[in-house]
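Here's the structure we're looking at; comments come further down.
As written, the chains take the letters A, B, C and D, and residue 1 is the first residue of each chain.
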Amino acid sequence: MYEELREAVCKANIELQAQKLVISSWGNVSGIDRAAGVVAIKPSGVAYNELTPERIVLLDLGGNVIEVETQNLASLQPSSDTPTHLELYRNFEAIGGICHTHSLCATMWAQACREIPCFGTTHADYFYGPVPVTEVMTKDEIESDYELNTGKVIVRRFANMEPMKMPAVLVAGHGPFTWGNTAAAAVEVAVVLEQAAKMALGTIMINPNKNKISQILLDKHYLRKHGKNAYYGQEN
Amino acid sequence: MYEELREAVCKANIELQAQKLVISSWGNVSGIDRAAGVVAIKPSGVAYNELTPERIVLLDLGGNVIEVETQNLASLQPSSDTPTHLELYRNFEAIGGICHTHSLCATMWAQACREIPCFGTTHADYFYGPVPVTEVMTKDEIESDYELNTGKVIVRRFANMEPMKMPAVLVAGHGPFTWGNTAAAAVEVAVVLEQAAKMALGTIMINPNKNKISQILLDKHYLRKHGKNAYYGQEN
Amino acid sequence: MYEELREAVCKANIELQAQKLVISSWGNVSGIDRAAGVVAIKPSGVAYNELTPERIVLLDLGGNVIEVETQNLASLQPSSDTPTHLELYRNFEAIGGICHTHSLCATMWAQACREIPCFGTTHADYFYGPVPVTEVMTKDEIESDYELNTGKVIVRRFANMEPMKMPAVLVAGHGPFTWGNTAAAAVEVAVVLEQAAKMALGTIMINPNKNKISQILLDKHYLRKHGKNAYYGQEN
Amino acid sequence: MYEELREAVCKANIELQAQKLVISSWGNVSGIDRAAGVVAIKPSGVAYNELTPERIVLLDLGGNVIEVETQNLASLQPSSDTPTHLELYRNFEAIGGICHTHSLCATMWAQACREIPCFGTTHADYFYGPVPVTEVMTKDEIESDYELNTGKVIVRRFANMEPMKMPAVLVAGHGPFTWGNTAAAAVEVAVVLEQAAKMALGTIMINPNKNKISQILLDKHYLRKHGKNAYYGQEN
């Protein structure tokens, strides 16, 4: 049941470690089967080298674990960040996979509570503007349903943005979430976000007064790779 | 005799190198058998790839080497930092393992004589507040019983802190010590400390006026992973 | 046909990844057979570990793809940056290979729109002066024939410079292009440029008022390795 | 002839690359047989993975190449930095090996023309004070006998210092030279210097007003590892 989804999600989680975006058991990736309304996500606190498709947890969009009889194993506990993922899936209908890491440099920006400015075409190729940072969460938001509320502050930040044109957010004082069509795509965005975050940090060290690139160059690069007039790669 | 302890301590020392926390023969990890009052520690100046459980040195809490007949080898000299470890074991009764490194970024903060502020949840997941830095040692403390006094300034710094809630310290002008239930746990904390130290450095570069996170978010993340109401992982 | 050229260009592209100058399918290397007027370049959006000499695209200097019957495969689309490469080959007659990356630190300088000063002999061994940055491209230059115009702003920047004495440029808000006698030489310059960019960043962090080195030291090091009086290596 | 010396020097050069202190064919290590007055050094411009003991060049202290019949190969050209090495051997009688690199962070300090302050015990364990930087070389020193004069400015800088207590120097605008009892020891110092240079850079970023450590702590750490009262390691 949902073998393909679980395999894809398992593989995407393992890729987090291969890409050096996580240490220990930090970070988690999920994917969704939109037709079935089923989400697959990393189990909580399990090391990446112990992940197998059978250990990936299945849930419905309401957060109920779906028990699957696989080699007589009971389902593991899903990632403690699961309510955040579910809130994003419920509100961002176009997305098919979500990735959360504490990757080094993106987390620096999240901790600094500063959005990552679009300083160049590397950034513009993937993110259609600065990567936003959420508001700092309130006492109430933290003390009850913290992980669900983490999702809510992200959704609130995207009130006027299209998630598929800005596939990343920095949760203030915490770290990045990224997304895409699939679990694998969400991880790819996490890799690029970390690179863009590094480049932006170096940019302000070299030139603290640097402005973002022009809207025209942003349009050019983003639309060269995305949308109906894209002309990058082999399939346009 | 104490084979299990020596194996665990040997493995934890080797892990230091795998985690890139040490170069050359710098750094040392110890573990304690509380029931027996026996400490196992790295021998002084021995390269990590030459470590075997038989070469791990055993001592009592008073610093007397316990000779163990293993393949007719005399005991090696224990790490020159042994008196620091023993002072911590004598005073921090809850701890079972200690790790000392000169890991790059934690050492930068130690050399700068600044505590590492809690700027985010990565930090809060492991350290219940800023990672403290000791006082600069006095002439007398340095000139006689330097390593013992290193332990004493650490203990003094923890007069009003619980070591198991703050499993790390920066010795001013020197580097970090970390601890945990076991030798392996102490190394895990050293890995996370290095990551938190890197993130904090980047954070102040991006936003020099950044304040620490709120006590509420600190409580939330620390207590999500620690204590009786923890809900992270598979065993809560 | 042009097997040797395609093999050299394929190998140079793969070297980009081995040298950690690129992630994903970013970056591209080309080479030219000047006698035949034939350019070989990476196909667009193809991962480095899927590159083979047969997949390298051939074009004439006017940008027309040269179909080669290789195992009945139709030619792939050339790199979207091809018009930039062609413009450089048309104008810089001495060069035989071109490399474009978004390598981390060189891109920081490009994004900061600052030339890389010559702070030391590492830089002077390869670059005869500061590595220049182009003007920011205009609205018109971006909106039509963007990649061709990228080539034109580079050529304009070199109005009074000799490309073989300054084998690198930073495109403002974008990233570096490098070149040399061959595709492999262009990649070697890209490796050194990244190193020089890192060193220069560290230099201004340690000493923000640091001046460039003297013209005399620049001459000494550059001419020790280049030109008729060079005396470095085994073949002078 | 001098097989052991050549093997040691070959191995030390290869170690430069393993330790990531060099890229391309940059950097060179030499060793001396004091009794015979024979120096062994890396050939110029040869890649590290092509080095063999037979390709290591032998010279007397006057710089004359000593031809050795090894498999009928003529001697290669010695490193272009050979006159610098020879000048150091002639003036620093206690040293047995020399290493020159453009290692990333030590070169940043050299380019910034700032000595590396002793901010902590990692530094103090190897260097008895700040790592000095030479004067900027004059026009005359650069234009004739540049490499010999590089040695002379180093020697001049050490007029009041003991080379074995300060086994490293930064040549202004260039990079570090290190030395020790043997070629291998010189490389070990280069590794530690790079680490100390990184730590010092981070230290001033965290605390720009940080002072060096006290003379007392410097004495303690340096003398814990060096001289007749040393008590680190297994052989004191």
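The rule is simple: a contact is a pair of C-beta atoms (placed from the backbone, for glycine too) under 8 Å apart; a residue touches a chain by one contact, two chains touch by 3 or more.
Worth saying up front: this structure is predicted, and the values here are computed from it rather than measured.
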| item | value |
| --- | --- |
| Intersection of contact partners for chain A and chain B | none |
| Self-contact between copies chain A and chain C, residue sets same or different by half | different |
| Chain located farthest away, centre of chain D as origin (C-alpha) | A |
| Approximate Å spacing (C-alpha centroids) for the pair chain A, chain D | 47 |
| Chain B and chain D, separation of their C-alpha mean positions in angstrom | 33 |
| Chain D, residues touching no fewer than two other chains | 205 |
| Of chain B, residues touching chain D in the complex | 23-24, 26, 43-46, 76-77, 80, 102, 104-105, 107-114, 136-137, 139, 142-143, 146, 173-175, 201, 204-205 |
| Residue ranges of chain D in contact with chain B within the complex | 119-122, 188, 191-192, 195, 198-200, 202-203, 205-207, 210, 213-214, 216-217, 220, 224, 231-234 |
